[in-house]
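Can you keep this structure in mind? I'll have questions shortly.
Think of it as A, B, C and D in the order they're written, each chain with its own count starting at 1.
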Amino acid sequence: MSDFNLMEDKLPNAKIAWRAAQDLSDGSYVNLGIGFPEMIAKFQPEGRAVTYHTENGVLGFGKAPDIGDEDWDLINAGKKAITLNQGASLFHHADSFAMVRGGHLDLAVLGAYQVAQNGDLANWSVGAKGVPAVGGAMDLVHGAKNVAIVTDHVTKRGEPKLLERCTLPLTGIGCVTRIYSSLAVIDVVDAHFVLREKLPEISIDQLQSVTGAELHLDGNVGDLIVPEDI
Amino acid sequence: MSDFNLMEDKLPNAKIAWRAAQDLSDGSYVNLGIGFPEMIAKFQPEGRAVTYHTENGVLGFGKAPDIGDEDWDLINAGKKAITLNQGASLFHHADSFAMVRGGHLDLAVLGAYQVAQNGDLANWSVGAKGVPAVGGAMDLVHGAKNVAIVTDHVTKRGEPKLLERCTLPLTGIGCVTRIYSSLAVIDVVDAHFVLREKLPEISIDQLQSVTGAELHLDGNVGDLIVPEDI
Amino acid sequence: MSKSCTSISQAVADIPDDSTIMVGGFGGSGAPVELIHALIDRFRLTGSPKDLTVINNNAGNGSIGIAAMIHAGMVRKMICSFPRSSNADAFNTKYLANEVELELVPQGTLAERIRAAGAGIPAFYTPTSFGTELAAGKPTEEFDGKMYVRERWLKADFALLKGHMGDEAGNLTYRLAGRNFNPLMAMAANTTIAQVTHLGESGSIDPEHVITPGIFVDRLVEVTDPQQEEVLVREGVVY
Amino acid sequence: MSKSCTSISQAVADIPDDSTIMVGGFGGSGAPVELIHALIDRFRLTGSPKDLTVINNNAGNGSIGIAAMIHAGMVRKMICSFPRSSNADAFNTKYLANEVELELVPQGTLAERIRAAGAGIPAFYTPTSFGTELAAGKPTEEFDGKMYVRERWLKADFALLKGHMGDEAGNLTYRLAGRNFNPLMAMAANTTIAQVTHLGESGSIDPEHVITPGIFVDRLVEVTDPQQEEVLVREGVVY
């Protein structure tokens, strides 16, 4: 255990996305944030029907088209070209955010700069100078039934991203329900981090040492195992 | 003048409707209340394009279908069968009342139990026991750019319907802009009744005597003349 | 995961006593007559569901649909804008006998409260009803020199709707003015149940022509030759 | 009374300085490139309109469309949710030099504020942004145990939109995800101007397929082979 090298042995983003994808429910409606979270769709388990929502007014979109086949009137919230699956629907922005705010999405998955043990999320602004941009993140965190985060467990400099409280500008308060990190799967329960799974190679003590708030246990801690070929 | 007989010489509803119809503007969007106001469409002057709105989600409806040709999925707010004109559109109730509340209608014409000189309207409840019903009247009076009333000038018992203040439960406050009555055309300006037109046969004094608030003059009072064959 | 039910009775089998139920339609246009009658059948057989709160623009007409529900004694309260109709005896009788409650809501406010529930907007301001007795007790506020009334969202446990085309993904279209409250109620209920005249495979409705996206619809049942409430009333049908 | 204009330049000829202008589209999807460029042409020729407040989800991309408006110096303020794009230099440069203001609004709140303006709802409550710096100074309130922020409607003097089909009555449809903010902005502006790819007679659009009813549209101009912003940006076009 002591030979676990945090920066080398942690899961890469694709493997975090794979793990998050294993929890996609059959028949669910899901919004995947721009960038890293979008990768989850690629790992959707067979036999489960998941309908993807994008803020700009599309429900039931599918894979990206081949290069050269793009129709730039048909894009997702990240401005990438998409295609429509059977049963798709198109609607305007107010209806789209009615779906979001009205609690109709089963799951939203977002990235994070910081997550606090009370479920606070900071993922839109590093607070510095520059041009701020928020998009739909603040709506998603207060709308979907479950708000999951996919994130490296620590920053590039090795500092904890899971904290007692966020220091960066908040996206939403008390909104995160589950975190898929590069080291563990952690739920937010009653303003505490509850450890559900961890990489088998890392000890709980070592995991705690790179986590900025106390990890609580509630029964067994599962092994976070991701296929090698991901 | 003195031989004017109020109950015999006042305009019947069809003639009031004809007069109101003369003010329909080319290119305007109009909602006509259930019942008496609906009659106005019949007298729409030639050469003017008017698009009619009905609360239950139709814009651009036309004449009633022939008996036997009704499609009962296509009705107006009065639950009467209608037809669609070229350029019609269908939409749900929230969009329909967005048109109403959002100030997109040029004109709503309603009936009245009482109108006050400050523009207050009472037309939904006689305040007695029984089953109350309001429909879309309270929305229409606060939404359309102009709210006109078509009404007998007096009640069946000869009592004034145009008053200093309404005594029946209000539909809306300060909302009426013009009144087409069985005796006169009256505007509501700065919380006063301003007489615009009257039947030539009635004197201003006699008109005042059946009006429950002071009639103000602002320039000429026109003759309210309706073709005999209406 | 298909959303289609094998029968109308199955579609409404789990609606419990004391539920709040939105029923689509405006008069007979877009009214889900078969779903309502399936609910009445269940009540007659089992005594349930009863003590219902029903949300509709009207309060039933003649002796079918919502009027028949009221007459059967299933309805504790109506929330509607216009409980009058050419024949509202069922409601009028119970109301005047204090056997059914009434919450009267202006039509546009009713529509917006339902839409707000579906859109996650707990309250909004409207000019409608300001200064009238229907605004009694409600917070008011001035914006830009004009007075407004604050209204709350209106949610339901179930919505019973009538669509025209439906597909396995739950997407719906409506026929003519039958749209009315149906798409709003689809958004505002915990469980939305739609009868449709034509039920097709996923993708049988052009994505640009979908009026109610499938995310808002939980159950679909095909009723290929639906009854039209207005026609039934005119024929004097008693359910 | 036809609503169609004879030329794009005529369609935007009367937009004055200091106007607030909503521009439809999300990124390049549904963006009225020709209407924007006509406005830029007018500005280059006459110096007007300037000091504009522009409302769009983004703040321009590359060197065309809204980015070109900003670069030309016509824009005093942007109201948007996401002023970032693959190439937002035009906005970034002016913003960091304090030559253009920014009002940052969460995307769903932006959409709902615009819809509220069109629907006569002066204010509404949303959970979005509660507890964040974007809610600073806004009234908050608890409903059913949850906290909400009160937001105001957002109106404009003009809206520039891109439709797909249009008819002489002003009815519009949109193409694919090009719908986005367009139908909302149509409702919220004093004067709504739409470019459409196909302009037909009244009645050429099925009443059930109309997305924006004609009551919301004041002017229409046909642009039969419209440019796609994303394509222009990828080609490096500078307007």
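In the analysis below, contacts are C-beta pairs under 8 Å (C-beta built on N, C-alpha and C of every residue); 3 or more make two chains touch, one makes a residue touch a chain.
Keep in mind the model is a prediction, meaning the values are calculated, not measured.
Novice: Please find the path from chain C to chain D through touching chains that uses the fewest steps, and give that number.
Specialist: The least step count works out to 1.
Novice: So which pair out of B-D, B-C or A-D basically repeats A-C, with more than half the contacts the same?
Specialist: B-D
Novice: Out of B-D and A-D, which chain pair has the most contact pairs?
Specialist: Here the pair linked by more C-beta pairs in contact is A-D.
Novice: Where the centres are mean C-alpha positions, what is the separation of chain B from chain D, in Å?
Specialist: A distance of 37 Å separates the two centres.
Novice: Hey, how far is the Cα centre of chain B from the one of chain C, in Å?
Specialist: Once rounded, the distance between the two centres reads 30 Å.
Novice: Suppose each chain is reduced to the average of its Cα coordinates; what separation in Å results between chain A and chain B?
Specialist: Distance between chain centres, rounded to whole Å: 57 Å.
Novice: Which positions in chain A are in touch with at least two other chains?
Specialist: Only 90-91, 94, 97, 100-101, 142-143 qualify.
Novice: If a residue has to touch 2 or more other chains to count, which residues of chain D qualify?
Specialist: Within chain D, the residues that touch at least two other chains are 112, 115, 119-121, 126-127, 175-176, 208.
Novice: So which chains end up touching which?
Specialist: A-C, A-D, B-C, B-D, C-D
Novice: Applying the document's contact rule, which stretches of chain C touch chain D when the two form their complex?
Specialist: Touching chain D: residues 112, 116, 119-127, 141, 143-144, 146, 148, 152, 173-176, 208-209 of chain C.
Novice: So in the complex, which bits of chain A are touching chain C?
Specialist: 26-27, 29, 49, 51, 53, 59-60, 84-91, 94-95, 97-105, 142-143
Novice: Report the residues of chain B in contact with chain C in the complex, numbered from low to high.
Specialist: Touching chain C: residues 55-58, 71-75, 77, 79, 90-94, 96-97, 100-101, 120, 129-139, 142-143, 169-173 of chain B.
Novice: Please name which positions on chain C make contact with chain A in the complex.
Specialist: Where chain C meets chain A, its residues are 1, 115, 117-121, 167-169, 171, 187, 201-203, 205, 207-208, 210, 213-216.
Novice: Under the definition above, what is the set of chain C residues touching chain B in their complex?
Specialist: Going by the criterion above, the answer is residues 26-30, 57, 81-86, 88, 91-92, 95-96, 102, 104-112, 114-115, 126-134, 175-184, 211, 228-231.
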